[in-house]
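In what follows, subunit A forms one complex with subunit B and a second complex with subunit C.
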Partner chain A sequence: MTERLAFYAAVLILVTVSSSPVRLLLEQSLVSHLLIQMPALVLCGWTIARRHRDAINRGRESFNVGGATGLSFALIVFSFWMLPRSVDGSVQNPLYEFAKFVTLPFAGASLALSWPKLPPLAIGILKCNLVSMMLVLSWIYTTSPSRLCNSYLRDEQDMLGQIVAVLAIGLGCLFGGSLFCGTTTIVRRKSATPIGSGGRE
Partner chain B sequence: MRRTLFATCLVLAFGAAVLWWATSGLRAFTAETARRIAVLASPEPIPDVELVDGSGRSIRLSDYTGQAVIVDFIYTQCPTICVSLGDNFGRLQERIKADGVPAKLLSISFDLAQDGPRELSEYARVHGADASIWKLARPRNAGELRLLLEAYAVIVLPDGIGGFVHNAALHVVGPDGKLTGIYDLDQHNAAFLALRSFIK
Partner chain C sequence: MAQANAPGTISAPSCPADGAVKLTMLLTVAVLLLMMAFGLTMRMAQGALIQIDPTIFYRLMTAHGIGMVGIAGMSGSAIMWYFLSRHVSLAGWVFWIHLGLFVVGVVAILGSIFIGGYAGAWTFLFPLPAISGGVWDVGAAATYLIGVILVGVGFLVYLVEVGRAVIERYGNFANALGWPLLFSGKQDDVPPPTVIAAAAIVVFNGISTVVGAAVLIISLINLYLPSFTLDALLAKNMIYFFGHVFINASIYMAVIAVYEIVPEYTQQQWKVSRSFVASWNAVVFLVMAVYTHHLFQDGVMPAWALVMGQIISYASGIPLLVITTFSLLTYLYRSGIRWDLASALLVTGIFGWSIGAVPAIIDGMISVNNIMHNTQWVPGHFHLYLLLGQVALTLGFSAWLTRTGVHASLSGWNARGFTIYLLGGMGFAIVFLVSGASSIPRRWATHLPEWHLQDQVGSLFALAAILGVGIIVLPITKRLVLSMRG
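Up next, the complex of A and B:
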């Protein structure tokens, strides 16, 4: 039920952020462009694909064992849209803009299909990398002597850097905190017979 | 497993190619750098838009045919970066004079609302522009201004407090009227060397 509701909400949000007025509004500022529009596109893709993951996966499981293919695709798309050049391109060039509205939802979708299959180690690495990458980005945005995007003001670049730093620290605390008071479930063997107790009558 | 390996390799290879293309071979992470690399590799023709200088005379880029020109974009009320551009142009002017290089300087204002002939002349006076080398001018209308800004890839944004934010650079236009190099403000030495490179 919640999944169905989330699916319709995601479709609605995807249509809304793609509509011209909302698209232009969110692209007016670097902060809303990178921290609202782009994540919204990814999340919508994720939510839409999650509802139909069984149908999408059917017959294709062997191409995405351990989620490797889907994760690779998503990481490449994210790397591309992390480039200041691509952000500028999406504001200046309709082709880039179109590509953004297609690739980011697909990256979200491919992450949704792959995430449940990822080994725990990969998830840990991804979480660590996300936090450190956000801190590096924040450092670049706040300390760069010049504007990284010609289409945006310097103040917005500074503000983006500061917000990303706060988000990175928040996520770091969240991920780190879950190690101590998390919801990790210890998988027990199905036969709960204690070792050595088999012969006891 | 084998299928996944194949698909992952395919995605990674394609992705690497796309990222290589998107960064001009890992050299350009910003649009500005990409533009500079592209112009150096293949000079681009600049539209021959008519400009008007401080005394109302018409200036065209084609007037400079056979000479190299460094073009910059300014607005005279600019409190920061254009002052720095003016200082760098002043320094370039002195070097052009001292060296006798057949080259000129041209500052183009993009603030059509506020920069009239008087403002342009005042900017020239403040920065010591010698009209035989360094001219200041503005396009005649917004349409032609847009054409110029597009050709030089200069993006002008209102800063919300009456001024503008713009990517400031020294644009070297060769004797053939093609944009051949874009340099940072403090790279006036490199821009000057580019001017000299046109002397046969």
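Up next, the complex of A and C:
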């Protein structure tokens, strides 16, 4: 029931953020463009794909073994849209704009299909890398001697950098805190060998 | 997969990536001797016993620093891996990746120093890598930073796997750190000391590695895009947070050898008490909060941060060090222990760790630090801590790992090597402390004639320490090679 509601909410949000008034409103500011619109597109793709995960995966298991294919696709898409040149292009060039509204939901979808298949080690490293690189990104936005995106003002760039730093620390606390309470996804693996029985080579 | 034992070694329970652990110890022995030789060369140059170009001195100093920090971390991680695999299920291939990234990183670092000429000290303090005054070029500094990043990535992979395995077995870190026992006095599944230590180390070393990765990438970008600058004070905070936590973690990881090996000698299991759990949990916070005692010379630091650094310097040594040392003495007392090389080295390691903390606590006072910080007092502290602490623990573990079936008492060449190492190491560190108390500066390639006597005496003790370690590691190396071939 919850998943169904989330699915319809995701479709609604996807339509809303794609509609001209909301799209233009969000793209007016660098902060809302990068921290609201783009994550919303990814999240919608994730939620929609999760609802139909079994149907999509059926018969295609060999295509995304261990989640490697989907993760690679998602990372390439995210890397592309992290570039200031791409962000500029998406507000100046309709083709870029169209590509953004197609690729980011697809990246979210492929991440949703791949995440449960990823080994716990990969998930842990991805989380650590995300926090670390968000700190670097925050530094780049705040210390750049010039505007990185021609379409946006310098003070918005500074604000974005500061918010990303706060988000990085928040995410670090969230990831770290989840390890201290309850069980996490990392636990979903075959049980440990009994104490004293050694391990495996 | 269990490995056959080489002739002359006894059957020890195998661990995942047993071969990688042994290879790491072999690598450790080689790197330790090389770094000690670098150290001796520097002391002899300061004492005017040999002449080397100051540029070469600073290259050696950089290699010595990063080499010792790196190998201490690597050997500590091997010790923790070996014993943790007794309690949780670890994937062996992860340690091979960890070791592989370490080796590739070390090759890059050595290349940057001895081919590229990088000599900006192991701490790569911003903006020094980018401002060499023509001594090295950007490529050398970048190669150095990339090398350190590779080593860091290897550690991150290692720590995530350790964390995964601990959570898989104990559900979450709260259980693995013994929180139910700590807060309610009882726990159904009390984790052994090794698991508690590993969980604590994953928490603080994981955080420090993430911070270190960020500042390394930032420094790398700054090399090629100098207009992207970083606040130098922030960079120093990030680097010292990473460096302080990392080097301390290397000792904490090695201490696990004492928890696991000493009970074999005393026939008494190392008990997990509430105070033991409390001390490890305190360390999680203290080891991260105390790093500001490296920044007392930075008057622009907020006063509260420096005061915190001083107060926590007093406190940080107490919980774990006192509990571990006191417990060790209690277990040893009337245990009828039969001393051999391994047990002697392990106890020496705790001794070196304990006394090494004392000059650090003294230097952790702002008023003292203002006078002593840039003197040889500081290398005196960390040589006690490492040469007689971490290194002794590592050698003790290696001796135990390659022990022969027949109980060998501490006699013959083992005893001679151990005694020479102990006297050499103590003398070497004490000369540093005395020199520091005489205000002889550290990190100077050329010394005034008035300081030469201390440098020459220090060189003599350094030679003794190298000789002692050489005697100790010769049979260990032979047995490690045989064991790996077997």
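Assume the second predicted complex is superposed on the first by the 182 of 201 C-alpha atoms of A that agree within 3 Å, B and C clash if a C-alpha of one lies under 4 Å from a C-alpha of the other, contacts with A are read in each partner's own complex, and residues count from 1 in each chain.
Keep this in mind: a residue touches a chain if its C-beta (ideal position, glycine included) is under 8 Å from a C-beta of that chain, and two chains touch if they have at least 3 such contacts.
In this text the structure is predicted, and so the values were computed from the model without any measurement.
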Practice prompt. Figure out whether A:N64 sits in contact with subunit B (first) or subunit C (second), or with both, or with neither.
Written response: first
Worksheet item: What is the contact status of A:P120 with respect to subunit B (first) and subunit C (second): first, second, both, or neither?
Response: second
Practice prompt. Based on the superposed arrangement, let me know which partner A:L5 touches: subunit B (first), subunit C (second), both, or neither?
Written response: neither
Discussion item. Per the contact definition in the header, classify A:L95: touching subunit B only (first), subunit C only (second), both, or neither.
Written reply: neither
Worksheet item: Once the shared chain is lined up, is A:T143 touching subunit B (first), subunit C (second), both, or neither of them?
Response: second
Worksheet item: So, A:A55: does it touch subunit B (first), subunit C (second), both, or neither?
Response: neither
Discussion item. Contacts for A:F80 in the overlay, against subunit B (first) and subunit C (second): which applies, first, second, both or neither?
Written reply: first
Worksheet item: In the superposed arrangement, what residues of subunit A touch both subunit B and subunit C?
Response: none
Worksheet item: Hey, which residues of subunit C end up touching subunit A in the complex?
Response: 1-2, 13-18, 85-92, 94, 156-157, 160-161, 163-165, 167-169, 171-174, 203, 206-207, 209-211, 213-214, 217-218, 221, 227-230
Response to the item:
In the complex, the residues of subunit A that touch subunit C are 120-121, 124-125, 128-129, 131-133, 135-136, 139-140, 143-145, 172, 176, 179-184, 186-187, 189, 191-193, 195-196, 198-201
Practice prompt. Please name which positions on subunit B make contact with subunit A in the complex.
Written response: 1, 3-5, 7-8, 11-12, 14-16, 18-19, 22-23, 28-34, 153, 155, 157, 159, 165, 167
Item to complete: Can you check the complex and tell me which residues of subunit A touch subunit B?
Response: 62-66, 68-69, 72-73, 75-76, 79-80, 83-86, 88-89, 92, 146-154
